[in-house]
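See the structures that follow.
What follows is a pair of complexes built around chain A, which joins chain B in one and chain C in the other.
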Partner chain A sequence: MSKDKKKKSLRYSLIRPISNEKWQPISIPFVSIIISFIAAAIVILLIGKNPLQAFYNLFQGAGILPKPSYAGYKSMLTDFLSLLNAMTPLVFASLAVAVAFRAGLFNIGVSGQMLVSGFLATIIVGYSGLDAIIAKPLVLLIGMVAGGLMGGLVGWLKYKFNINEVVTTIMLNYIAQYVISFFIQMYYIDPVSRQSKYISEAARLTLVNVEIANLKMDIPLGFILAIITAILIKFVMDKTVVGFEIKAVGNNRNAAKYAGIKVGRNTVLAMVISGGLAGLAGVTYYLGYFSSIQPKVLSSIGFDSIAVSLLGNSHPIGVIFSSFLVSIIDQGSTYMSSQAGIRQEISSVIIGLILLFSACGAYLKHKVSRLKEKEVDQKESES
Partner chain B sequence: MSDYIVEMKHITKRFPGIVANDDVSIGIKKGEIFALLGENGAGKSTLMSILGGMYEPDEGEIYIRGEKVQISSPNHAAKLNIGMVHQHFKLVSDYTITENIILGVEPMKKFAGLFPYVDIRNANRKIEELSKNFGLEVDPTKKIADLTVSMQQRVEILKVLYREAEILIFDEPTAVLTPQEIEFLLGIIEGLRNGGKTIILITHKLEEIKKVADRCAVLNKGNLVDVLDVKETSTKQMAQLMVGREVNFESAKAPAVMKEEVLKVDHLTVKNEDGFEVVKDVSFTIHSGEIFAIAGVADNGQVEIADAIAGLTKVSGGKVLLQGKDITNESIRNRTEMGISYIPEDRQSFGLVLDFDLSTNLALKQYYREPFASKGILSKEEFEQFGSKLIDKYDIRSGQGIKTQVRSMSGGNQQKAIIAREIELQSPLMIFVQPTRGVDIGAIENIHKMMIQQRDQGKAILLVSLELDEIMNVADTIGVIYNGQLQKIASSESLTTNEVGEYMMGAKHE
Partner chain C sequence: MDTIIIDGLSFALPLFIIAIGGIYSEKSGITNLALEGFQGFGAFIGAMSAVLIANAFGTDIQNLFYVALLFAMIGGMGFSIIHAVLSIKFKADQVISGVVINILALALTTFLTTQINALVFGAASDKFRLGVSERFTIEGVANIPVIGAVFTNVYPFEVIIIVIAFFAWYLLYKTKFGMRLRASGENPHSVDAAGVNVSKIRFSAVLISGLLSGLGGMCFAYSISANFSSNIYMGYGFLAIAALIFGNWRILPTLAACLLFGFAKSGGAFIAQSMALPSSFTDLFMILPYVLTLLLLIFFSKSNRAPRALGEIYDKGKR
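Here is the complex of A and B:
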């Protein structure tokens, strides 16, 4: 009996840190991450390697922890900047998913929206020879407008013909992928790289190989914009009439309509914003992180962003942190594989596990509240 | 040993924050109809969920046929011959009646002694027999999707009978039925008793108890107040015990002082999604200081009239005029601004955003304008102030005040919140659709009082209700609808309940 009790109280003390509902939006993803790292550690143990060593290498590779030695012109700072460079499009893409999600819409078309805006910005500005001062803002603008229009089209189809956005976004992904592939291969192909021709440095959103203090680093200009955008989106969603209406439509269409909110207009608007954000992801990816487009391939960022957004609770600030974490694992994987002798693909397994467990957040929350109820019961009956 | 078939002794069940049952002891005799009476949240359903195996009690003992038992699951309860007819049906709509009934206890046979299959034919026959025995009359091969609500309820009853239940628990069985269907169901319940079954009836409708029950336990806030012999107790006494104070059935109201015309509905026709006319050429007017009630059996077009006036449904013919202005093609928002308040029938899927907090829901129709928002930016303080004010003014009860998620509030308090919000709009026209559905007697009294108060302040009120008593009680003018057409419009004094009932059935034509 007493042993049983001890076991139970141990369980309660385990859940106590995450039983506070106020902190659950943060504590639950945090616990999900811990669980997934434990699971990943088991996987690494199973292939006969040291998980702690692997995780350490992962962080070293991402520029969070110092490596024992660096090549010329490199340092921890340069690694960290490339991490931010890789993270930028993921933040935008996850924000795109989060905004749509708040409106009750599932934007699976982020990849397609990224590709279209990246392509348009590439051919309009990337090959134009415009000055940087004009070219860079123009790239951003084109990205936003192209993505926004494509997202808006999805919203409009939903509003006008009640076509499920999941279907339209998936189909538009295919259309974008192959139509753009056609144009690249017909008109813009670089015969050596078999990708689209490289864009001008002036149009690129990442400043590459900038020499500062004897280091060569990549400076992602879009990163600052991503952080500002996240804060802006938070403000719009929480504090403005526009955000209120989008959330109301997302939570209960009928009640929103009853309250006089124009459901159709808000559906389209939410998709325009979502698409615009996806467009920014597209230009920071194809005209920032990369400087050309590989034909016939959709970026996996568009799909990863769904889970990253989930891990961040579809909250704009949460999304920054979850993107950060996922980018670390992604970026650190090369170094991990060379140092610890663990195949690079294991990092994809870890990311997969994190996203899997983060999707279980609702279950975790439910379980915790059940246990808490029982604990309250027990305390009352004891007293 | 006692002659009780079910005995629950000193049952206590706690949930976080509340004690749902506090030391409740009841005994139920074999072959009686035992009613459980109490307001929403009095603990009736919890008590019966314990008996049905859904919850385990924190304290107390249960005896079935004199034997002490611990009912651990609904399956265990079924083994003890206890069956529950739920308020919300649990049926698979693409399955036939038989398939639904045998789900989980399928009678198996083996084809050629080898391949198992479900013996539907036999089950069909057995269910047909069963339904005839108890006067339930269903065709076992019909699909659930094709059945009316009352037929679906019969299937639920057959489901527990098929599992050889001796003790049947009915959870608010009449909440979804029309007066005629209620009549029929009560007949069936009596028939079951006469067939030797023991019935437990959970309800907060006094007339039903008076009509069929033998004994009645009254619960109030988790405590057992009394167990009464129904024959020797008046409904008034029961109501007092249940609410814990004196209840006025008849709303005291002064005669209407009607002034100028507020709403004019002129030859209104409304089509549903299939293009079928559900409202046909309806015309009526409502004046300031008048309660106009539309009486009728469910689904005869009354809700569509309300929706058409509020702008939620498109009008296919005719006009709606508010204070002389044609609003037939105005947006919902404009109509609200011009002066329509609307308490919708379905409070959870239309009236509220359940995952928003209480203060946000209270401001749901005003959030976009001053002082709640200026230049597109919302003011949290204004939301909170307004919310707190309304909670006090209308006595809306919730766990965490303005921050409470509306989903966690009781139905009665959700309704209070909607009514508070709509009254605060100060609209000249207020539409109430089924305002008292699913709320308890205390709240009903309160809602009626508020409606009459609003009328006396010069509002024009449109009431749509399926409860005839409610209509006779508060309406100044009654319009009776049948099959989308207004059969009769007359002042409430000039009509008797019976007459209204006949018009409702389409029986009386002029």
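Here is the complex of A and C:
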């Protein structure tokens, strides 16, 4: 009897931290992350390494914790800035997925939209020799417009011809990949690196090797823009008519139609916004994090962003935190593998596990509320 | 001309069997974007067992083709349990679950491939070498013009796929199980009212999709790529999804869609080759299947209709 009671109280203490519904959007992803780190720790233990040291190295490599020694011109700050640099395209891409998701659309084509906008910005501005003052805003503009048009095309095909957006985006991904690979290999190839020629420094959205206080750092200008954009998207989604209509269409197409909301227009609009954000991801990736394009390769960011957006509950601010976490694991993995002797590929396994467990979030929520109800019932019957 | 048919078929049929898996899952009401992950993981398990068995018993890896196929099917099915549990038992969003499984499959198989290669063979290679499966030609029939190409240089797996596909067609459209499965995707409540367990039906549908995807993935590994590496995640699973949506969630039109993909792909490669263009032009011809699909969809999509309960979490209490 007492054992049973003990078990119950243990269970209660476990669910208590996440039973508060107000905090559940934060607490449940948090619990998923902890569970997945435990799972990853087991994997690392199985291959005979120390998981705590591995995780510590991970944070060191990402510039969150100090390393024991640094190479010349490097410090924790430079590591942290490269983390932000890598994170910027991911934030934009995840926002793109989140906006489409809110409208009930599924944008798998982020990679393709990124590639097209990155490519156009590269050939129009990157090779032009314009001054930085004109070049940088122009890059952003081209990225937004190119991505937006491509997203809009997907929305229009869906609205006009009832073509499932999943299929369109997949097809467009392939088409973009091959066509751009063709143009790069025909006209813009750098024979040494086997990639497109490097763009001019003026057009690049990341300032590379800036010397400040005896440190050489990469300053990602796009990062600030990414944060502003996330807040802006939150504002548009929560406080404006446009956002309300998009969400209404996403929640129930028929109800929205019945309420007089133009479903077609909002479908296209949501995809234009989503594509535009993907375009920004593209330019911050190909003209910021990198400065050239590898032919025939779609960046994995487009697919990762789907999951990152989910981890952040498709919420603009949540997306910032989830991409921060995923970028830490990604960026820290090189240092971890060199220090702890664990293969670098484990980092993507950890990310995969985090996403897997956060997909179970709804179940966790459901279970917790069930347990709470039981608790209440029991107390009532006891008294 | 013959090469177009030969190469087209050997690409279209594995795609077709993956798409059939997708049809099973989606007809039962479970959105399945995880086909990509299933086929990759299945191929991984198949390739791993083939390589390990060949290493342990010293047999030639060519002879282990059927063993690999078997293990690939088991592996794909085993991995699909995750999707089934997540989307049926845990009531997770099916789209999200599918995407997560794809990411996990890529991460796990790349990690495990290097790990196993380092442990067993002492070399940190990221691929399992398999070689290309042997082909056979049916003499006599092969001499008929045009049609004969269908019987020339056939991979054994093409025959297996056709047999399994026929069986899958029969199971889905002519049996009680198939009827219940299709009903689960249209109106799960009526299935429930008839005293059938919807969750069980959907669970088995997802497992079937994993099994068939694993088979398809292994066939790709044994023909196009001749090894297992992360290159198996070329988007075949997504292409299969496109094919099944194009085929309006029915098996025969989906076969047509897959054949279209296959022939457009091999046709494009053939044109590029016969015009003796520089290799970068091949890329331009590679878009042929995708552009064709988009154009055809514009004409044929109006009547397209997904299973009504697709992607919805089944809730007994809901009306």
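Methods note: the second predicted complex is superposed on the first by the 383 of 383 C-alpha atoms of A that agree within 3 Å, B and C clash if a C-alpha of one lies under 4 Å from a C-alpha of the other, contacts with A are read in each partner's own complex, and residues count from 1 in each chain.
The rule we apply is simple: a residue touches a chain if its C-beta (ideal position, glycine included) is under 8 Å from a C-beta of that chain, and two chains touch if they have at least 3 such contacts.
Predicted model only: the values in this text are computed from it and were never measured.
A simple residue count on chain A separates chain B from chain C, and the partner touching more is C.
Once chain A of one complex is fitted onto chain A of the other, the partner contacts of A:Lys239 are limited to chain B, with no touch recorded for chain C.
When both complexes are overlaid on chain A, the residue A:Ser69 reaches neither chain B nor chain C. In the overlay built on the shared chain, the residue A:Tyr174 is in contact with chain C alone; chain B does not reach it.
When the two complexes are overlaid on their common chain A, residue A:Ala259 makes contact with chain B while staying clear of chain C. Shared interface residues of chain A, touching chain B in one complex and chain C in the other, do not exist. Within the complex formed with chain A, the chain C residues making contact are 33, 82, 86, 89-93, 95-97, 99-104, 106-108, 110-111, 114-115, 235, 238-239, 241-242, 245-246, 280-281, 283-284, 286-287, 290-291, 293-294, 297-298, 301-302, 304, 306.
Chain contact summary for the complex, chain A toward chain C: residues 47, 106, 108, 157, 161-164, 166-168, 170-175, 178-179, 181-182, 185-186, 296, 303-304, 306-307, 310, 343, 345-346, 348-349, 351-353, 355-356, 359-363, 366. Partner chain B is touched in their complex by these residues of chain A: 239-242, 244-245, 247-248, 251-252, 254-262, 372-373, 376-377, 380-381. On the side of chain B, the complex with chain A involves touching residues 14-16, 58-59, 310, 312, 331-336, 342, 344, 346, 349-356, 364-365, 367-368, 373, 376-378, 380.
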